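Following are the structures in question.
Shared between the two complexes below is chain A, which pairs with chain B and chain C, respectively.
Right after this comes the complex of A and B.
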């Protein structure tokens, strides 16, 4: 990997960010984690990210709102949604808003990594 | 969970209706199916939860809660189903369930699993589910003694419960709160900034962040911790704790507390994790075994939880809104040490060096651990015969020795001993051998403390993960270097436990060969079996031809963290006994030879998962879920009282459900209420069949069925075997008059079986229960054979005969020997033989049943011919060679 891609993970369960950070950093990504969406969206004003992995259901600003905001302001950022339930309606709603991928929890790390790689190779 | 408890209470308040009446067979059979279903569901959830510990998924607390609720429900259902099958014979299981469920729920709530546990536990009584109670170091030592049978000093743990009692008795938490208050007040000024930023966050709707800032406790400095230490020093032992420790010391010293000396060591809750608090906590050496001295040393060790260095670990030791970290303590007998030291089971600077590194000095190990002396250094090759590669004798001017009145001190080493090695070559090699054994068991390089007493006996004092330094990222560039290793097998079967392991293949032919399993080998077997638990601590990896990732064996493999691939189909035929291989159960590949690059990659690139709260939580819960203590149904401990985990309960239920089916009395009822169909084959078996669903497809008239009309998978296989050319002998075998006389005096247990007087097969598509009487012996096969491996079982029973007991026993022995060759677990008592097997595929099952059919036919009259023991072996050989002639 020549370029160091930057990934943002937003989930109100701390372990999701911790685990994603540990495993994605292994592959050379730079990862920042947030427990809620507001400071995450603030951060986007300062720094460019390549991928955002966000939880669907969160207190305050939820995953759908993150997705819509990001697509409006930074359409080039890839958004991947994860959710506690295999929620079909949520998946459809997210896909309509141009989500790159949608994973039910527990998320298989291999699949998440593959999805990120696919997104980044498309971006090139 | 409430609903489960309600169900449970209802069970006890409601009287079982018609408990004495036998259930109709169809009902029995359908309830048996229900037991299998709920059991399977539970095993699958268990497997799924175990899999999550492997670090391949991102999960959260909701997953843990949801999975556990489903698991508890399935286990409950299984118990309920078994009781409805057995008419409430096993209601006690509900009590066991409630006990385990309670503990797991307590863990989920962040509490210790037991409300009140023993204050003192001897090492021999410590098992893995107690590791929270006794702390990492104690649990590790007990494990080395109890599982690896290594020599560790005798001792006991003073538990986490004892710690909590001490804290409560001395009102330490209240006092700490007051102290915090004091420090908070003193630090108020510096807090102003925090409060301002908290307000900003709160206004922006970020209430959590605001709260977090306000509860920062960084004003708790070293002087705060000094005051906390003082609380422990000044505390008093609660009376019951004092008397428990006193009693334990009495036992440990063999009644001679005067001359006995003890080492009192810390064993804190998270001490052996990646962030091991190495060297933070106190150890008191050579303490006289009286309660006064030990009590004082105990308090010193507790106080060291808040040692000056502890401030760095503040959030771990004293987490906000959670109970403070508990400190367990180990009390072990001092070793009268001639020499002691430290050894690394691998070279921490270069894992490619396949060596064990030993540092040693005369006397106790303190000088080596501190690095305060020029010690001896030995480098030993990491495999048999443990060749000593380097011997560097240090100056060793000083050594630590025990002082008569207690404590230790450093003394000078006599000139004559300074420049000679403190270990013999034999001792060096034996230490290296034990280091390798421990590394294999722990699945990670180890940092081990040891002592050798004046009689030359080695003691392991402590073992913890060795910190490895490796160039960052170097491990990732291994893919190209892997190309040079030939791949023996790729993408065959399913991964049951991820990881990488290497060693020589141990090709298992018979279960009893497990006792010869060399440590560090890769177990390769046709079938999986829960009996593998006996070698799991020593196995580098496991490969089986059949099996599923949800089997009992797979669950245990996850517990022991043994890389495991099941259902490869061809493992036993490709992997030759004694060959060195590397099992990559990450990418499902098996390499020829030892692939060091992969093994090192495993060690250096592992994510410290156990630093994550949820992983620790799941691991704690699984301690009450996956370990299997009930292994052999033939042993006396196979009772509900001995079920300590959900896995035990499920295993017990499966076995007892089969026993209910096998209950021969049921068949009287079946016979009375059903129309029997005669088996119409060219041999005179005299078998009548009763179809309870899909077992027969009658085409012709009348009440008889040919082989073609049998649609019962297992029964068809058995009959096929009985009809195998040459196995059914029609000629009468000459019987001596004594044989005939003894056959008139039937064995009491035979008549107790209330034989039906007919040969009967109760069949369904996937099931048969076949009861046979040929002459004077009784044979029974109960078998379920389907495409779902886990449901499959064969139960085989054979008893009696027409001749004297010696000949009958010989026949039982003959049958037993043959059944063992088919990998069945057998139990022989006189002329009664019981054999069983389970968890094998349908084709293998059909093959086995075919052989059992042949065996039934072959051995019908054999006992009259078994005049001496030597012929038994001949007939066994003949049968296995396909030579069925007798006489």
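Right after this comes the complex of A and C.
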């Protein structure tokens, strides 16, 4: 692991961010967490992130909007979406907008890690 | 049970008694008038008798004057007329006149007739005696003229005697009698032994006695005549008196009957009206109470009259009504519960989603805990477990809210703050709103007073209205919830406005009808009518305004609680 990848986690559930950060940092990633999307998008202007893990349903700017904005401005960033409801329509819509992966809650952290790894290796 | 008069009977009595008074009065008046008519007849007869008697008396005077058969017959005729009148009198009138007076009248007539006969006989005797006196007088004159009895007798003396004789015959009074008597005494003194003189004197003596007899009979006749006249006048007067008092009595009786009618008539009419109206009023009072919603009242079964069966039917109807009402309440409960179940169905999806977040949190904590177990400090581990506990509490709260909402509850009214109720309801549907991409804008009025409500039911209404709003905005939108006071300050208002498709105007009047739905297969149609029923039991109102394409506003009004528990 010669390069430190940067991962951004956006979820209005603080625990999601906290747990993701703890486990992902174990694997050597740099992780920043946000409780809502607006400051997260602001942060992107300052710093380049490799992966964004975002919740689908959030107050204010939601996951779909984050996906669209990121794909428009920074198409190279991998976006993984997690959602509390297994909504097929939402999944299809996200896939159309080039989402890398789509996880329903409760999230299996191992699967999430695998998905991130897969994305990053593909990117190389 | 005592048997009481029926209204019909009471009416008959009420009408019959005054009518009876009028009838009795009329009969008596009729009888009295008939009597008065009879009396009139009596008076006429009495007057006839009086007239007849006066006619007799007139003829009697003529008879006294002329003393002949012709005038006697006139008297007879008059008596005959009187007798005819008397014989035409009915037994009834005789009784009325009085048997005694009638007998006196009859006797008097008879006596009078007898005296007339006697008087006539006396007059005839007088005539004979008068002839004899004249005969003897002439003989005396002749003998004096021839000088046979010269004595002391002179022609002039005899002529004077004859003049006195004629005077006496004419005047028949005491003076002429005394003059004649003196002259006759002189005659006896001057010519004693004169046979002509003796015969003349004797004839004069007979004349005097005839005259005195006539006079005495005349006297008796006059007395009888007077008595007859008196009795006739008495009868006539008495009949007049009687008719007068009869009319007075009749007048008084009529007056009394009218007075009685005036007094008793209104009384009986009033009593009758009261008898009829009282039970009807009682029923009317009860209908008012029923109209006010009191189904526990019962018509009193006081009187066994026409209203008795009415009251009985009334009570049966009330029993049915109450039974129906109970059924209705039961149905309403079922309906309410079924609607709630439908709401729960909609809510459940929201709740299920809501549960996912804490579940995910627990899951992620557990995964991290396992993975990083060795690297975690003691504090970290405790913090992890604390978080697990918190998330479990979150789950418990969500489940409790749902259970709380779905549990059937007895109605329980208590004082509440409407804003709290709105917030609680909103919390129940918040997740659904989130899922449906609906922004909520809540404006809660401050100091709007409190309400006296069944919180659970009102929550049910609000959840129902919000759920409808959500369903009206399938593509997302805004939901405005506002609380405030009505303009008159009597009601607390909760307005729920959506930016949905709106309700077509032709549907608006039916929006609160049971089973009316604009949502096709999605809605059961019961929600609105149940909501309406709940708000009505709270003495509130629910109103709707809608414009197709712009959205709908449902406004719930609940009376402000002023401490007077309803």
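Here is the rule we go by: the second predicted complex is superposed on the first by the 124 of 124 C-alpha atoms of A that agree within 3 Å, B and C clash if a C-alpha of one lies under 4 Å from a C-alpha of the other, contacts with A are read in each partner's own complex, and residues count from 1 in each chain.
Note that in this section contacts are C-beta pairs under 8 Å (C-beta built on N, C-alpha and C of every residue); 3 or more make two chains touch, one makes a residue touch a chain.
Note that the coordinates shown come from a computational prediction; the quantities given were computed from them, not determined experimentally.
In the superposition on chain A, A:107 makes contact with both chain B and chain C. Put chain B and chain C next to each other and count what each touches on chain A; the higher total goes to B.
In the superposed model, A:36 lies in contact with chain B only, and not with chain C. Applying the stated contact rule after C-alpha superposition, one finds that A:81 touches neither chain B nor chain C.
In the superposition on chain A, A:60 makes contact with chain B only, not with chain C. Of the two partner chains, neither chain B nor chain C is touched by A:91. By the touch criterion defined above, A:20 reaches both chain B and chain C.
Shared interface residues of chain A (contacting chain B in one complex, chain C in the other): 13, 15-16, 19-20, 22-23, 26, 84, 105-110.
Residues of chain A touching chain B in their complex: 11, 13-16, 18-20, 22-23, 26, 28, 35-36, 38-39, 60, 82, 84, 105-110, 112.
Of all residues in chain B, those touching chain A in their complex are 52, 55-63, 204-206, 208-209, 473, 605, 607-609, 612-614.
Listed in rising order, the residues of chain C touching chain A in the complex are 353, 356-357, 359-365, 367-368, 371-372, 375, 387, 391, 434-435. On chain A, the positions that touch chain C within their shared complex are 13, 15-16, 19-20, 22-23, 26, 57, 59, 84-85, 105-110.
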